[in-house]
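Down below are the structures I want you to see.
Two complexes, one shared chain (chain A), two partners (chain B, chain C).
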Partner chain A sequence: MLCALAAIPILIAVAVRLSSAVPAGRGPAFLDRITQNGLFVGVTALLVSVPLFLPLTVGVVAGDTVAGEAGLGTLRYLLVAPAGRVRLLLVKYAGAVAFAITAPLVVALVGAAIGAALFPVGPVTLLSGDSIGAAEALLRLLLIAAYLAVSLMGLSAIGLFMSTLTDVPVGAMASTVVLSVVSQVLDALPQLDWLHPWLFSHYWLDFADLLRQPIAWDSFLTNLLLQGGYVAVFGALAYGRFITKDVLS
Partner chain B sequence: MTAVGPATELSIETSGLSKRFGHQLAVDGVDLAVPKGSVFGFLGPNGSGKTTTIRLMLGLAAATSGSVRLLGQDMPGQLREVLPRVGALVEGPAFYPFLSGAANLHRLDAADPHVPAATRAARVHSALERVGLTHAADKKVRAYSLGMKQRLGIANALLAPRELLVLDEPTNGLDPQGTREVRSLVRSLAADGATVFVSSHLLAEVEQICTHAAIMSAGRLVAQGTLAELRQAGQARIRVLTPDAGAAAEVLARLGLSAAADGTATTAVPGSTDSSNAGEVLYAPLPAAATAAAGAGAVAPEAVVAALVAAGVRVRGFATEQVSLEERFVALTGEGFDVVQ
Partner chain C sequence: MTRKWLRWIPAVAVPAVIAAGVLSGSLPASAGDPLPEKTPQQVLLMVAQHGEKSLSGTLEQSSEIGLPDLPTSGSGARSPETAWLELLAGPHTARIYLDGPGKARVQVMDKMAERDAVTNGNDLWFYNSKDNTAAHAQLPADAADRQEARPGTQTPAELADKLLAKLDPGTAVTVGPDTRVAGRAAYNLVLTPKSDVTLLASVAIAVDGESGLPLGVEVKARGQSGPAFSVAFTSLTLEAPDASLFNFTPPPGATVKEIPLADHKADAAALPPDARTANAAKRPTVIGTGWESVLEFPAGSITLPDQTPPQTGAPDQAAANPLQPGTADPRGTRPDAAALLEQAAVAVPGGKLVSTSLVNVLILDDGRVLAGSVPLERLQSAATQR
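Right after this comes the complex of A and B.
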């Protein structure tokens, strides 16, 4: 799955390299800047993966946590080992979180690497107009990856909860991914303005603040708070469900 | 059903254990008493609730009502203290197909925070050795045969020294050698002082290895006790082959063995077509005391023969028969092949 994610920046970089100049303003943001600065491959790839690829892979991993074990039947053997239900749930969530951290990191790093290999690398002009060196720019790229990792915490918790509801891993995976799409669709409907700040996907793309000088941490903190809320609520639901679940698989 | 005296220490004790699935009571008021150190056979037809009872015992599912005590401690309340002392095989083995047999055992062993990690490799090795899988240890479980998976499941139950082993159909899918191995494994575990609780439908097997047994039928426990007690409850009987069925029945009646005597019908079945063996077969239950010390009203089998011969009955065959566990099982759970419920 990480390989599939790594393929995204590679695809972008190769496509841009092979095609002639991309007309400015078409395609994903920053796409036209890649030829001038390879580091933008990482940013573009992250931007492209936010709506679907990242939630998809995180949904698959988080949905598989408990339901995957139940589907294989190994859940009953883990529980009689005894692994402890709370401990098992925590370890499983930690695994999903580790993936949610790794996934954007892989996209960013592979993007930066392939960008550096195929295109020139130089100072980057930030949204605030300031210019920073390539090393500093790489740091900002990692910050964006961290921002997205935080963004995916809530979805991971939702996936964990879905996973405790069923013995069929595909069901938990699909419903988690569907929820992430639904959340984004709701976020796009202006009639539901009041709901938007509560949607877990609302701040997913708000990492522009990290591209200013000095960095504005507001959106990072708001996002952290919202995701923390989702983790608390869905973590509690998953706990409540799993602790009393009859393991009959 | 035989009550086990309070003096006996029990490894498993359930009282009024019930589990409801929707409208169906899969386990219905089960009172199991498994003495410490016994090899306990848990019998019952398909769908009679054996696996469900085992799940309830191990805290995998919550009982609708009733309670379970394992090794003297409450389940699932004291699950953390109890389960490290229990090895289990529940409803067949389950493993990660993409890992090797040894890697699977490592992973499952690591799931238990109570066991020392330092001895893990050695314990995995010896568990694999005990079930004869040493040579297939590094093979992916995906490539295991049914019996190999079953052996690996048993190995998993033996990863640490256990005081109680709960094995749900341990010989399912095993070859004759494997079955023999499991039998001797169970005996050696019992010899080391462990209590072994095995569910099975293989009555012959239970008769060979178990000291005690219980029989489930449609969620209820219909019999429980030592094997001898279970067989005795069905009574020994005599079998008489004679052409003079009427006269024989009279003689038996005089000895107090007839149908009228204890309310069970004396069955007569047609004899074989072979003329030298022509006659009818009479069965009569022999009072339990006759097989033990001869007490008042007891009839020794040889006295029955003497009486029959003295009355001029042509006795062509005579035998005392112990009821087999299978007959007892069928008597208790019914003849029908269809799954109840």
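Right after this comes the complex of A and C.
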């Protein structure tokens, strides 16, 4: 799955390299900047993968955590070991979180690498119009990856909870991915704007605030708080469900 | 069985704790009346005397004036032609940095984009990251202390100063209960029109209790519970921002446009900024006084979308520079904006009416345009007076 994610920046970079110049303001943001600076491949790839690819892969991994073991019939053997269900749940969640951290990092780093290989690398223009050096730009790219990793924490917790509900891993994966899509659809409806700050996907695209000068940290903190809330709620739900569950497979 | 239910306690307790935390956070902090009592005159004086020249803060602006929503996604949205209209409708967040009279920077934060205005001494820069364009203007040597950058989102100080200058006997000025803006205790100066023939219900200005700096402006319309327009700081520090913020050089690869300001110079000196685009021959006339006044633009001074554009126009500010919408003057609008105007207008006897909760604009069939913060009947009677 990480390879599939890594293919996104490569695809973008090769497509831009082979095609003629993109007029400014068309396509995803930053696309027109790639020819001037390869580091933007990473940013563009992250932007493109936020709505679907990242939630999809995270949903698959998180949905597979407990239900995958149950589906294979190995869950009860895991529980025979004197480890305790809470510890198993925590380890499983840690695994999902590790993937949520790795996934955006892979996209960002592969993007930066392929961009540096195919395009010139130089000072990066921020949204504010100021320019920063390539080293600082790489730091900002890593910050964006960290922002997205935080953004995916809530979804991982939801996936973990879904995974404890069923013995069919595909069901847990699908419902997690569908939830993330539903959340984004609700976020796009202006009639529901009272609900928007509570949707776990609401701040996903606000990583642009890290590309301003000076960095606007507000959205980072708000996002952290919101995702923490989701982790707490769905972690507690998953705990309640998994502790009381009759494990038959 | 009971043991099993006990295991669900965290699942219930965590949402309950979060809900309690959110509720207690959203309750207004009732800290009594921390500020000493002041009369409206004293608060006005505080505003007039405030000497805060350096600050950095975040402004939030929101409007609910009944204009149709502009598309914010999809192709063609946010084109420069509709940018000035777009600043009026919908919410915006902007960061503002001021240091002395000559240095200012405003950043309007859009989704995945940003519009910047920077003044440093005599240089005035605009930058739009959406299409990577920059515009530069060389201000006249004496302009730095006379006029500051006037981008779309105005600072509370500018808005309040404008309103306070307009105070007349037709207005009741009171000091309401103290409010909190950006975490600071503030006086709440409320202006209520005495006239019944206006759409405005009240204008509230939050004045910082310590420094006298206006922190927020809230305009309410009649028959609308929420504010029709509000702009307020959400965070504010009264310290000089980093000096490097004001050094702007256009990024490599950006399209840089030079705006000639020479011909504006004479106009700007003689006219208030509002009337800068209206040239002397086609100056609008004012009918009535105070809150009931109606602006009448003679036929031909405003080009309607279905008419041919004027041959000799001043440089089209809205198109040349999306950051500075100038006045809400439909002149120079492009098909995009024309379609929006067409969508917003309704046919009334004698012409077309564009109605918002704060301003009504009556476009007569004979080409005259009347605008005012008054009901339609008042506009119609003003139209027949002459």
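Everything below uses one rule, namely that the second predicted complex is superposed on the first by the 249 of 249 C-alpha atoms of A that agree within 3 Å, B and C clash if a C-alpha of one lies under 4 Å from a C-alpha of the other, contacts with A are read in each partner's own complex, and residues count from 1 in each chain.
Basically, contacts are C-beta pairs under 8 Å (C-beta built on N, C-alpha and C of every residue); 3 or more make two chains touch, one makes a residue touch a chain.
In this text the structure is predicted, and so the values were computed from the model without any measurement.
> Following the overlay on chain A, give me a clash-or-fit verdict for chain B and chain C.
In the arrangement built by aligning on chain A, the partners chain C and chain B fit side by side.
> Given the touch rule stated above, what does A:129 touch, chain B (first), chain C (second), both, or neither?
A:129 contacts chain C only, not chain B.
> On the A-aligned overlay, A:6 touches which partner chain: chain B = first, chain C = second, or both, or neither?
neither
> First (chain B), second (chain C), both or neither: which does A:244 touch?
Once the two structures are laid over each other on A, A:244 reaches both partners.
> Going by the contact rule set out at the top, does A:78 touch chain B (first), chain C (second), both, or neither?
In the superposed model, A:78 contacts chain B only, not chain C.
> When the two structures are overlaid on chain A, which partner does A:173 contact: first (chain B), second (chain C), both, or neither?
The answer is neither, since A:173 touches no partner chain.
> So which one touches more of the residues on chain A, chain B or chain C?
Touching more of chain A: C.
> Return first, second, both or neither, reflecting whether A:87 touches chain B, chain C, both chains, or no partner chain.
A:87: touches chain B, not chain C.
> Tell me which partner A:210 touches in the superposition: chain B (first), chain C (second), both or neither.
Neither: A:210 stays clear of chain B and chain C.
> Minimum CA distance, chain B versus chain C, superposed model, integer angstrom?
Taking the overlay as described at the top, chain B lies 8 Å from chain C at its nearest C-alpha.
> What residues on chain A does chain C touch that chain B touches too?
244
> Using the touch rule from the top, collect the residues of chain A that touch chain B in their complex.
These residues of chain A touch chain B: 72-74, 76-84, 87-88, 244, 246-248.
> Residues of chain A touching chain C in their complex?
24-26, 29-30, 32-33, 36, 47, 122-123, 125, 127-131, 188, 190, 205, 208-209, 212-214, 216, 218, 229, 232-233, 235-237, 239-241, 243-244
> Report the residues of chain B in contact with chain A in the complex, numbered from low to high.
Per the stated touch rule, the residues are 55, 58-62, 79-80, 83-84, 86, 88, 90-92, 94-97, 108-109, 111-113, 156.
> What residues on chain C touch chain A, complex-wise?
These residues of chain C touch chain A: 4, 7-11, 13-15, 18, 58, 69, 73, 75, 95, 107, 109, 111-114, 116, 125, 127, 129-134, 235, 242, 245, 248-254.
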